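Both of the next two complexes hold chain A, though its partner changes from chain B to chain C.
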Partner chain A sequence: MAEVLRPQMMGARVSRVEDPRLLSGQARFLDDIQVPGMLEVAFVRSPHAAAKIVAIDADAARRLPGVYAVITHQECPIVLWNQESYKVGQPALADGDVAYVGQPVVAVIAENRYIAEDAAELVRVEYQTLTPVWDMRDAIHEKPRRVHEQAENVFFQKSRQTPGFDEAFAAAPHHLKASFRTNRQTAVTMEPRGTAAMLDAASGRLTVYASTQSPHRMREDICTLLDIPEHLVRVIVPEVGGGFGMKATCYPEDVVVAHAAVKYRKPVKWISDRLESLESDVHARDDIHDVEVAFDDDGKIIAIKDHLMADGGAYPAYPWSGAEGETGLAARVLTGPYDIPYLATEIDCTYSNKTPLGAYRGVWGPIASFIQEGLVDRVARHLKLDPADVRRRNMIRKEQFPYRNAARMIYDEGSYLESMEEALKLIGYEDFRHRQAQLRQQGRYVGVGISVFVEPTAMASSEAGEVGYESCTIRIEPSGRVTAALGLGPSGQGHETTMAQILSDQLGVPLEDIVVLHGDTDSAPYGGGTGGSRSGPIGGGAALVAGRQMREKLIKYAAHLLEASEDDIELGDGKAWVTGVPDRSLTIRTIAQTAYLDVSKIPEGMPIGLEVTGRYLPKRPVTFSNGTHIAEVEVDVHTGVVKVTRYAVANDCGRVINPTIVEGQIHGGVAQGIGAAVLEALRYDEDGQLVTTSLLDYLLPESTDVPRIQVQHIETPSDGEGGIKGMAEGSLIAAPAAVACAISDALAPFGGMVDTLPVTPEMVLKMVQNS
Partner chain B sequence: MKPAAFQYFRASTTDEALDRLAQHPGSKVLAGGQSLVPLMNFRLSRPDVLIDINGVADLGRLAIEDGELRIGALVRHRQLAESGDVAGAVPVLPLAAKHIGHWAIRNRGTIGGSVAHADPASELPAALVALQGTVVLRSARGERRVAAEEFFQGFFNTDLGEGELIVEVRIPISKSRFGFNEVVRRPGDFALVGAYVERSGPGGSVTWFGLGGRPERLLVDAWPQDAAGRGTLLEELVEGLPLDVSEDYKRAMAVTVAERAYQQAEGEK
Partner chain C sequence: MADERVEVVLRVNGRDHRLEVSPRWTLSDVLRHQVGLTGTHVGCEQGVCGACTVLLDGEPVRSCLIFGVQAEGHNVTTVEGITPESGLSPLQEAFRKHHALQCGYCTPGMLLTAQALLDREPNPSEETIREALTGNLCRCTGYQFIVDAVMAARGQGRGA
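Right, the complex of A and B next:
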């Protein structure tokens, strides 16, 4: 009873404990790591999409004063190769040939970055260029050639079909075909990538500072690739200014830096600049889907057939290719929140002479949502039905949970229809249709797009790796203050706040008495890190499990010291007391002092000290968040420029740990989604040259491109620890589709529908003129 | 993305800057640095000597004299955007200046820098051409004045000679009404296409930018009163430009922005 009255930190709008240091410029990012004598690296990168390396002449570079070393594959013969999955791997430094523009060829190590770049210019690499492979449809047929002689261009192929598909598809009264294209993007984190490595002369241990999402995975990768045992490597992840999946990969530069630090016994650092970021951070979303949909007279979708293609770039990113991630999961969740009984998918992932494809927030999801919602809108338009009504008719109903989709994925309970109805209310859908009709008469074209999404979170395996659990160590110090550590790798998500909120409730200590450590393999228990929207549900679950174990200890102590029954002990406000007798109390500090300094009073059978490590492995292989995004846009049909004017979100990520943080995640995802829908594209020309090499060409959304976003929370708890579901990707999964559908809706009088992202002004104008 | 090594001088007078320019052929002048510094960081520009004129107070003058708006080379875009004097004398100028980049860029960027850089898609060079402005150049050899229309010669290419410094631009205060419009993907971007339209009596002019290598000003004897007539006229003008307008989109946009600029000029009465 008293439990109910006590304020719970879980679910509260707690201000982020990270913000003061971040907002006042005190946070330490990778480039803030300064060690006396530290050398800096500049990479000589391939200017060609495909070429044989005839000769490398680095003599002039080596002679430049201030240059410490110039290394090639010969000096650093390491290949980032997951041999179990792929026939090729990327050499950390090019070995005899180059396969994409921006591929590291030579590393120049110098006293500072200026000298390193001066020397890099002096390195002469003689190339013999080859015909680049850049078109996915050609590449599938080994045209114009193989990217790698020893491997077919198609490196991942998979077909799957619901039994009875062909009959159901053929029997349907209506069919539509469409081909959807998403163009290459990359995460463009505000802080670019970077690595610093140094040997500790005394212990012989290697310390690697890495701007990464998964400290333990990075340690494993470094140890594997450099052949160093794990106990001799410490990975420290400082403040990370954005990861978005892009930093879930071990890159050639990470390996070269660590290798150089060991080889030369010198501290070595490399920081990516923006040019390097655009050409060498993993790319994403280079996908084509050739789709057919079958449906009945009422708009009930019966079957979807999809040929999924993804251009994986020149090599699989290490240790896995983003192309496989994008298509593999898209094929399994293509039906989204809809009850579509039959699905047939065929996947082809190909090599090309482009930057490797990796993870970017949402991975498969933004693509699949774009297709799934695009299909629903096509069905609605074909049958002249309201798009919201067609969604209602197809939506998975409450009573169908747990629901098994056509690709045999199990969805746990969600609020699919409810979220759409709430979002329609937020945007004022009925009123909008009137307004839309009036504005059309004035020559103004507005539209709304509805995007109902599902978001598989907390998966047993994700871009964060195959570690399906997370660990949390809690130590209550003799003062009663709490030090907790997790294996997460936050890059702005606010884990120090959310994990402390969870622990505060369990331990009965105020938030300010808890510090949450992460990102150091010497202090953090082994864990999977951050990625695939797993930190909240799995990391939070580990915090709950560990918190509960510690709580039990505290209760045993209190019962013993207060001479009461354990059942009667309550914890809160830094104290323990006997239910109904608040005077019979003692502080957590007293308990802690007993545990460490007055050990004769420790309850019988309990160990000295207060320290636990709890681990949490979810029972389900995945838990689904869901929600609905609705975008309103105005399209200037004379210029083709799209403005997103209003935006509403109904979001269900189970039990919310901190609504402010959830809303921040949604705001960011919507901004990125607007970028994906109308702005961002990495473009290659026919020579395989990346032509978008600065932020003048690769257009990111700016504050003026993002409208106010209304957010409403719905809570359908998962059956996992705390009822928590992940939520970091749903907003970017849903937003591009919402905006794309809104553009199609605005342009309905002209007949066309969006099938390519981003929607450029030229494309809009063509849609208007072709009508 | 670090610049190649260079020598740096900070001038405190125009003469000092001119001396340095004369001594160091191939040197570059640093004003707001909004284009030059990124180019240097990309090593696309690698001057041996950089002459910083930010300390030269004379170059920051903004005044109306003898029927002309005189804008010192160091006048920042933000001053143009916010100055009441400028708005009173040449109302279209602040209107256009507000479209240059973002706050931080307008705080630093200068008219001299923009004119010297001569990006074909930037707002101010085209404004000078549209408004029949003059660029005042000084060197150790003396001063010369060049009509803006002659000054801009092509992609990032101007009449600025060796050892010369842009000290001022002058814009005649005209009785014509001007309108401005541009198409951008995002507010603050360089224009895909932009236009200034002048209405003077029955006719006027249209100046396009972002279409070719430099702003192009074309005279209009008489503006048709109806939008369709103007559309036809503008299409003909675009066709007649000595430019390689390869993209249909840009061609269509040229007409759209000019029509919108025309309508804005109409509202400027």
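Right, the complex of A and C next:
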């Protein structure tokens, strides 16, 4: 058992060890990797949504001084993800046809990016255009045509129904129908994607610098696709400027860069520009849900029926289809925190001539919460009940845990009702209704939206991959300082700090004596990486397991060297001592020196040195975080502009490692949620052209768009290691629904309810005018 | 056309650099790849995100929207230039204390915009701070802790 130490670093508001290098401009991101002779790549991308490639003429490009090579599918015949189930895989460079705007067709490799771009403009590609498939409902019915001749458009289908659904649904006294639409969005990391690859001259091994969330997964992908054995590939993840699920994918450009480095025996780099990001980073959230809800006179929801549809884009993202991920999990957690006994879901995921759909923070959740909370509010409005009361009536109660939902997901214990009551208090709900009525009389429309969420975290499989465990290696150096390594791929979450906090408690050494390495497959033990809110609970669990193993070693050493019983040894402040006799002590440094340099004194049976690798595989396939977000908005019914004015969060992610970091994650997710609710949409025109190709068209929340967010923590520990639950996605799962519900509430006098995200000013004006 | 070079002298963080640059290279590229100051980050090359913000004679500019040659005769300040020889500036310290950064990619631009504001107006209101930061996008923090950090750094000068 983990012993409690003083002072506890776990749970403390520790400043991050990552910060000084990031604040002083010393951190090294992907584009900061520069070696002599490095070549740079520019891609020629498809300008068409759908076309046959008739001819490619790259002669002029090849002749341009400074151009090293121009390659097409012929020179790089690699196809991503050719699994049976999907029947299609994306060629790293287009092979005979193109299926979305922005698809890589030709790679130009030159002395620098400027020359590569010049040469890319000289490449002539002759296309014969085809009718684009861009409407989801049409595509599901194979209209206007198949995206890929060899495959039906619908590539993933699944139906599931709680036994007894039909009878229960039919017997209910009330029914409502609604269609919910979430438009395409994408992560927009501030650091665009990028890859650099080079052969190590001495060993011949391939080093790939990748801006990715899963170092080992990326290594596996590169090895598989390039047919190189794993021990000859090293993946290094430098500082990553945001991931949000989008950087969990292995992209065509990654493969082309690695291929070129091997083929030409030259260091090669590609950095995405923002236009490329918006058209080629995986998109997300392109979903339609046709829903029916059945409920009784008191607002108790009895059954939900949902036809879930998602537009997966032209190809399944490698190695994880976002469309399947979004719908598959949404269908299982659609009832959220509510005790709704019957659920029937039917999923259709279709190909289209759009960018592949992948992961974006929250994946299934922002869509499912939007529906789940939208339904509760519709029920409340239909029955003229208070939305908070309807939630109270439907909420899963404490005594029901572990709770099995209508799709057979098991929820571990949470604080569902408690979180809502806390959030209602934070926002001042009682007083709000009074204020709302007064303001309405002045022609001002304010509303609150309540979003109670569940967040399945630390799942056995996610966009980060299928590795359900994480590993942590700890090496105490001869100096007594600690080097730890994990296979995580942080992109701003502060793992170097949080993992060190956990280790500091276990090893009894100060935080500053610990360095946490990650993101290098040569130093890190095999692991799943970062995604699906797994790094805290599973990575942290591995740190706890390894930390405990090392702690036992230190105690054995101390007992032996101090001639005391192991039971009497305590660790802390870089020392070991005998309980109650603080003078009988030695430093961790002395123990380490013994282990490495004075080996005759090593306790019998113990190996030389101080090194362990601990692994942690949670017993449960998932642990659920939960909480409640409440947004207050003011809607200008003359301009259609929505302003989020106040925001409250009660959040329960089990035992908190660092409250400040948790709050930072919540704030960021709320901001992204406000973007999802009122700003962000990737728009295609009828020719299948992406028309939102800059950050002036795809709008991100700015500092004046996000209000102050009040956060209250509740801690319901998981029964996994450390009681930790994941928490990175909950805020973005809950926030879009909170804002959408608030807009519906503000516009209640006009009768309509929000059914599409994002809510644009045009939509608001329409809701006002339609009344 | 492409690779004609001209000689410029750029004054960056108080030091003169004699450089051979192509007239079409942006200031951000020149700073990063010729001067070797990679603290300036490029986020959009469209002048929207603000990640590449540097100070030109004390005023925040998008270094992706001006050419390196245009900076000749001006004082350029990058994040490296507001960092003391040892430790951090009061503003940087406040960013750390208030957890005003996560991935850190937008941070250098954010610091320079905020520093220019504080240089100009030592005691700005929260509203003024939010207004000043609208040109710097952050995808991680939701801005609240950044605003808190700038508020905490009010009246402390640049330090060092």
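Convention: the second predicted complex is superposed on the first by the 764 of 771 C-alpha atoms of A that agree within 3 Å, B and C clash if a C-alpha of one lies under 4 Å from a C-alpha of the other, contacts with A are read in each partner's own complex, and residues count from 1 in each chain.
By our rule, contacts are C-beta pairs under 8 Å (C-beta built on N, C-alpha and C of every residue); 3 or more make two chains touch, one makes a residue touch a chain.
Computed from a predicted structure; not experimentally measured.
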item: Contacts of A:Leu679 with chain B and chain C, given as first, second, both or neither; value: first
item: Partner chain(s) touched by A:Val706 [first = chain B, second = chain C, both, neither]; value: second
item: First, second, both or neither for A:Arg28, with chain B first and chain C second; value: second
item: Residue contacts on chain A - larger count, chain B or chain C; value: C
item: Which superposed partner A:His638 touches (first chain B, second chain C, both, neither); value: first
item: Touched partner set for A:His667, first chain B, second chain C, both or neither; value: second
item: Touching partner for A:Leu232 - first (chain B), second (chain C), both, neither; value: neither
item: Chain B versus chain C as contact partner of A:Met190, first or second or both or neither; value: second
item: Touching partner for A:Pro761 - first (chain B), second (chain C), both, neither; value: first
item: Partner chain(s) touched by A:Val240 [first = chain B, second = chain C, both, neither]; value: second
item: Overlap of the chain B and chain C footprints on chain A, listed as residue numbers; value: 114, 118, 273-274, 694, 696, 701-702, 704
item: Touching residues on chain C, where the partner in the complex is chain A; value: 2-3, 22, 24-25, 32-33, 37-46, 48-49, 51, 78-80, 83, 88, 92, 95-97, 99, 101-108, 111, 129-131, 133-147
item: Chain A residues touching chain B - in the complex, by the definition given at the top; value: 113-114, 117-118, 121, 273-276, 638-641, 678-679, 694, 696, 699, 701-702, 704-705, 761-762, 765
item: Residues of chain A touching chain C in the complex; value: 15-16, 18-20, 22-29, 31-32, 34, 64-66, 114-115, 118, 187-192, 239-242, 244, 273-274, 491-494, 660-661, 663-672, 694-696, 700-704, 706, 708-709
item: Chain A partner contacts - residues on chain B that touch it in the complex; value: 1-2, 4-5, 38, 42-43, 102, 183-190, 192, 247, 249, 252-253, 256
